[in-house]
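Consider the two complexes below, in which subunit A is the common component and subunit B and subunit C are the respective partners.
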Partner chain A sequence: MRKKNIRLIIGIILILVMTALFALLPKIYNNNFLLFNIMLYIALAEGLNLIYGFTGYLPFGYVGFFGIGAYSASLLILLLHVGVVPAILLGGVAASIVGIILTPLLRLSGAYFAIANLAASQAIYYIISNPHLENITQGPYGIMLSSVYDATASYNAMLIVMFFAFMLVLFFRQSRFGLSLMAIREDSITASVAGVNVVLARTIAWLLSAFVAGLCGGVFAWYTSVFYPETVFSLNISIFAIVFVLFGGAATLIGPLIGTVILYGMYNFIGISTPQYFQLIYGLLIVMLIMFLPNGVVSLFKKVKDYVP
Partner chain B sequence: MSPKEILKVENVEKRFGGLKALNKVNLSVYENEILGLVGPNGSGKTTLINVISGIYKPDAGKIYFFGKRIDGIATYKLAHLGINRTFQIPKPFHGLTVRENVEVAALYSGKQCLKSFFKHLKNFKFMEKGYCNIEDDVQTAISIVGLDKLQDKQATQLNTSEQKLLGLARALATKPKLLLVDEIAAGLNQEETDKIAEILQTLVKKSISIIVVEHLMHFIHKITSRVVVMDSGSPIFEGTLEQAANDKRVVEVFLGG
Partner chain C sequence: MELFFYALISGILYGIFFALVGIGLNLIFGVMRMVNLAHGDFIMLGAFGAWLAYSKLNMNPLLAIPIEIFIFMIIGFGVYYAFVPRLSKSRDPEMLSFILFFGIAQIIEALAIFAFGNNQKSIPFSTLGKGSISILSQSIPFSWVVSAAISLLMIGFVYYYLYFTRTGYATRAIMSSPEEASSVGIDVSKISAFAMGIGLSLAAIAGVLAPFMIGSIDPSIGASLTTTSFAIVVIGSLGKPIGTILGGIIYGLAMMFMQTYLASWTNLVPYVILILILLVKPSGLLGKKVRNA
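Coming up: the complex of A and B.
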C-alpha cells in the first residue's frame, strides 16, 4: 500500500509541475501555437488513455468526439449566444451524449470495435459537413468564431482541460475503480465473476473519455476561431493520439505525456523543415518501439515500475 | 433436523440451437456439503455451472438461492449475493499481480463493507483507517490457497496449478456461500490434487457449500459426500459414489451398454 501512496504523490507533483510549466512557458517562449498544440495532444492522449489504457478498447474514431465538441461549442456560441465557457463545457457534454448513443459499440471487441468506431466518426463528419445543413452547421464552409476570439483566455482554458485530463487519469491509476477497469481489460468474464459491474464501469470510462475529447474540441475551436469540418474530424488527430499513448505506455499517467512530448516535439522539429526524413524516422521509431518496447517507453522503468505514476 | 437447502435448481433447461445441453435438471445443494457433479464429456456439467453462476441464462426453469429466485440475474450480482466459481481453464487477470487479482474480487465482497462505511459516516469516524479494510480479506484469501510468497508476481508468470489456486483465492475473496469448482484438479499431479482437496475440505468447515465438477474419481471420492451423475443434459443418479458404481445406468453411461 505504501508504494501506491508514493506513486500518488509523484503523480500529483508531476501534474503540478507540468501545469506550472505550461502556465509560465508563454512568457519566455513565443511560439504560443506550438505550446497550445502540445497541451491539446497531451489532453487528447490522456483522454484516449482512459478508454484504451484502462479498458482495452481502441477508439480509432476518437476524433469524432473532438469534432462534436468543437461544433457543439461553436454552434452554441453562434446560434444560441451561450457564453464561451459554458459552451465549451456543454461541448464536452454533447460529446458524452454521442458517447451514450455509441455505447452499443462496446459490445464489439478488438479490431471490430476500432473499425465500427472509425465508421461512426466518419458518419458524424458527413452529417455535419452536409451542405443541406448549411443554415445550422455552415456545412463544408466551416465555422468562424472570431467574435469571441481571445488567445490568452483560450490558452488558459486548454491548460485547465489538460490539468483535468491528468487528474482523471491519476484517479483511474490509483483508485479501486481503475483497478476494476483493468480487470475488465484483462478478462471481462472473470471480472464479472469477481463482482464487477462490467457494463456500467466501462460505460463510465467511455463517457469520461468522450467528455475530455469534447472539451478539447471546444477549446480548440475557441483558440483557432476559424476551422473546417475536415480540420476537426481529421483522422490524423485520432492516429496521433493513439500513437502517442502507445509510444509512451498505456494505463499510466506519465506514458501519454512522454509520448506526446517526444513524438509531437519531433514532428515539429523535423516534420516541418524536412518532411521526407520525418516520415522515415517516424516509421523507423515506431517499428523499433513495437519490436523492443511493445509496452511503451514506461516499460524502461522496470525496476521502479511500482512508483511510476 | 434435516440440513438446510441453500440452492435449488428446478426443471432448468438450456438449449444451444437444436442441442438441449440441459434438459429438466433438478438439483439441490445443502448447507456444509460438497456435492460432486460427474458425467461423461458433453453431459452438461459445465453448462449447469455456467447457468447457476449467471454466465448463461436458462431457457426454462427456476433456480433458488436461500429461497430467493436467481435465474437470469447478472453474474456480478450473483457474486455479491454469495455465489462464486472457478474456471476449468484458469482465466486470471494476466497483467495484474496476484494480490491485485484477489483485490478486485475483495472490493465487492458483499455489502458489509459498504454498510460499515455508512455506519462510520454517521459517527463521523470515516477518516479512520480500516472502516472498509479489504487488505485483511485479500491476505486471508491468498493464504488459504498458499500463494503468499507469490503475491507480487504477475498472474501470467504463474504455472497452471498456481493459476488455478489463484482462481480459487479470487472466488474466496468475494466471501461466497456457494462455490462452484469446475475441474480444478484436471491436469494437476497427485500432490497438487491432494492440496486442493484439503483446501476444499477446510472451506466446508467455514460453512461454504461447494459443487465440484470433476473427472478424477479418487478426488471426488475423497472429498464428496454425495454425487449427481449427469448424462445428455439430465441427472440420472443421485447418491454416494459407491452406490453410483453399482448403478446400472451409471455404468452404462460410463462404459457403454
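Coming up: the complex of A and C.
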C-alpha cells in the first residue's frame, strides 16, 4: 500500500477511536460537563489549527466566531423559531459570513493580523452586548435557551462537531490543498509561482476555521442554555485554544488533541479553585514552550519517528 | 458648543497621555521587531508603584517616577537578555515574541494579584494639585493638565534621545537595519537592551499617571491597556515612535467626542479605529509600506 494511504488510514482510525471514546465515556464517567468541555476545546483547537497550523495566521480573536455562532443560533431559535439543528448549522454559516467580512484582514501579516483580529472580536462583543440592542440581542443581559434544552442531544451534537473538525484537519494533512497551504505558509511568493492560488486557498482555510468555531458556539449555546455575552466572547476561549494548539503542536491532527486533554485537564484540577496559580503556571508554561519547545510536544515524537499523525 | 470645546480640550489632554501610553510599545517594536504584549501589564505595575508610594510611603506619587525609571531599566535589561537573543534566532521571531510576551503578561498579572489582591485601588486626583483650570472657558481638572504636561515632557525626552544623542542615532540605525548597524560597529544587543529598558520605563511612567487619567486600577487592567496601546501605535504607524503622538491625539479626541455624543458606544472606539486604519492604510498614518503579507 502507498505510504499516503497508510497515513490516511492511521488518521481515520485515530479519529474513530476518539469519537467512540467520547461517545462511550458518559456511560462510565458521570461528569458530563467536563467531557463536553473537553470535546468543545478539542474542536476549537482543531478549528484554530486549520488557520494557524496550516497558514501561520494567528487568530487572536478566534472567540469572535464562537460568539457569533452562539448568538446567531440562539437568536434564530428564539426570534425566528428555526429548528435547533438548522439553527446551529446557520450559526456556523453566520460565523463564516463574518469571516468573509474580515477577509481583508488576511492582507496583514504576523502580529498585525493577530491584533486586528483581536480588535474585531472585541468590536463584535461590544456591538452585541450594547444595551441599545436589547430588543434583538438582549444586550448585556444574556440569552436563555431553556425551551430547547436537551443534554444528551447537545452532547451528541458536540461529538459530531468534534468529528467534523478532526476530519477537516485530516483532509488538510493529506490533501493537495493542505500541501498548497503549507507551501504558502513557508513562502507565499514561491507557492504562487508554482501555481497555487494563494488568496483563494487562504480564504478557504479561514472560512472553514470560522465555520468550525461557529458550530462550536451554537452547540455550546444549546448545551449551556443560559449564557451572557462575556461568556461566549471571553478572550480566554481564544487563548485556551491557541495555547492548546501550541502546546501539542500545530499542523498535526494529534497535537491539539494532546494539548487540550493535558492542559484542560490541568485547568480543571487547579484553575477553577485558584485561578491566579493557574494563570501563573500557564504564563510560565507559555514562556517555556516558546523558548525551548516552539513546535510543541509533538516535536518530541518527531525525533523518534518522522511522521506523526 | 460648550460640549464640543470640552471634548476637544479633554481629548487633546488625554491624547497626549495616551501617546505616552503607546510610545514604549512602539519603541520596542521599532528596535527589536518584537511585540510586547505585556506592555499594558508593565503600565499596571507602574500604576501600583505610584499607589504604593502614595498609600504606604505617603509620598507624592510623582516622586515614584525616578525610582520606577531605575527599576524598570533593570527589568528591561533582564527581559532583553533572558528572551530576545534566543528568540531572534527562532524561525518566526515576530510571531513567537507575540505569544511569549503574552505568557509574560499572564505571569505579571498573576503575581500582581498575589501582591495586591483583586480589589480596585485608587489615588485621589487632588494629590496632583487641587481644583480645576479654565481653558477656553471650560473647567478642566488640574490633574489632567499636570498628567498631560508630564507626558509631553517624557515624549520630549524620547525625541531628544532619538534625534540628538549618539546612542539615539545608533538606536535609529538599528531600527532601519540591524545588519547594517552592526556592520558599522554598533553594539546592537547593548543598544537594544537599553531601548527595552527605556520602553518599559515609559510604560511605567504612563502607569504612574494612569490612576489620575483612567481612574481606579487593579491587576487586570493590563490587557485592555495593551489593546489601547496597539490602537494608538498602529494609528501613528508601528515602528516610528514619534508618530505615536499623532496616534494618541487622534485616539484621545475620538474617545472624548464619542463619550460626549454617543456614550454607550465608547468602548468600540479603539477597536474600530484600529481595524479601519489597518485596512485602509496598513502602515499607519505616517508609515511606509512594510507590513503586507
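By definition in this document, the second predicted complex is superposed on the first by the 291 of 309 C-alpha atoms of A that agree within 3 Å, B and C clash if a C-alpha of one lies under 4 Å from a C-alpha of the other, contacts with A are read in each partner's own complex, and residues count from 1 in each chain.
Following the convention adopted for this analysis, a residue touches a chain if its C-beta (ideal position, glycine included) is under 8 Å from a C-beta of that chain, and two chains touch if they have at least 3 such contacts.
Keep in mind it's a predicted model, so treat the numbers as computed, not measured.
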First (subunit B), second (subunit C), both or neither touched by A:192: first
Partner chain(s) touched by A:183 [first = subunit B, second = subunit C, both, neither]: first
Greater residue coverage of subunit A in the superposed arrangement, subunit B or subunit C: C
Contact set on subunit A toward subunit B in their complex: 1, 176, 179-180, 182-183, 185-187, 189-198
In the complex, subunit A residues that touch subunit C: 56, 58, 104-116, 118-120, 122-123, 126-127, 130-132, 188, 235, 239, 242, 246, 276-277, 279-280, 282-287, 289-291, 294
Subunit C residues within the subunit A interface of the complex: 35, 83, 86-87, 90-92, 94-96, 98-100, 102-111, 113-114, 223, 227, 230-231, 234, 238, 264-265, 267-268, 270-272, 274-275, 278-279, 282, 291-293
In the complex with subunit A, residue positions of subunit B that touch it: 53, 55, 74-76, 79-80, 84-85, 87, 91-96, 100-101, 103-105, 107-109, 135, 170-171, 173-174
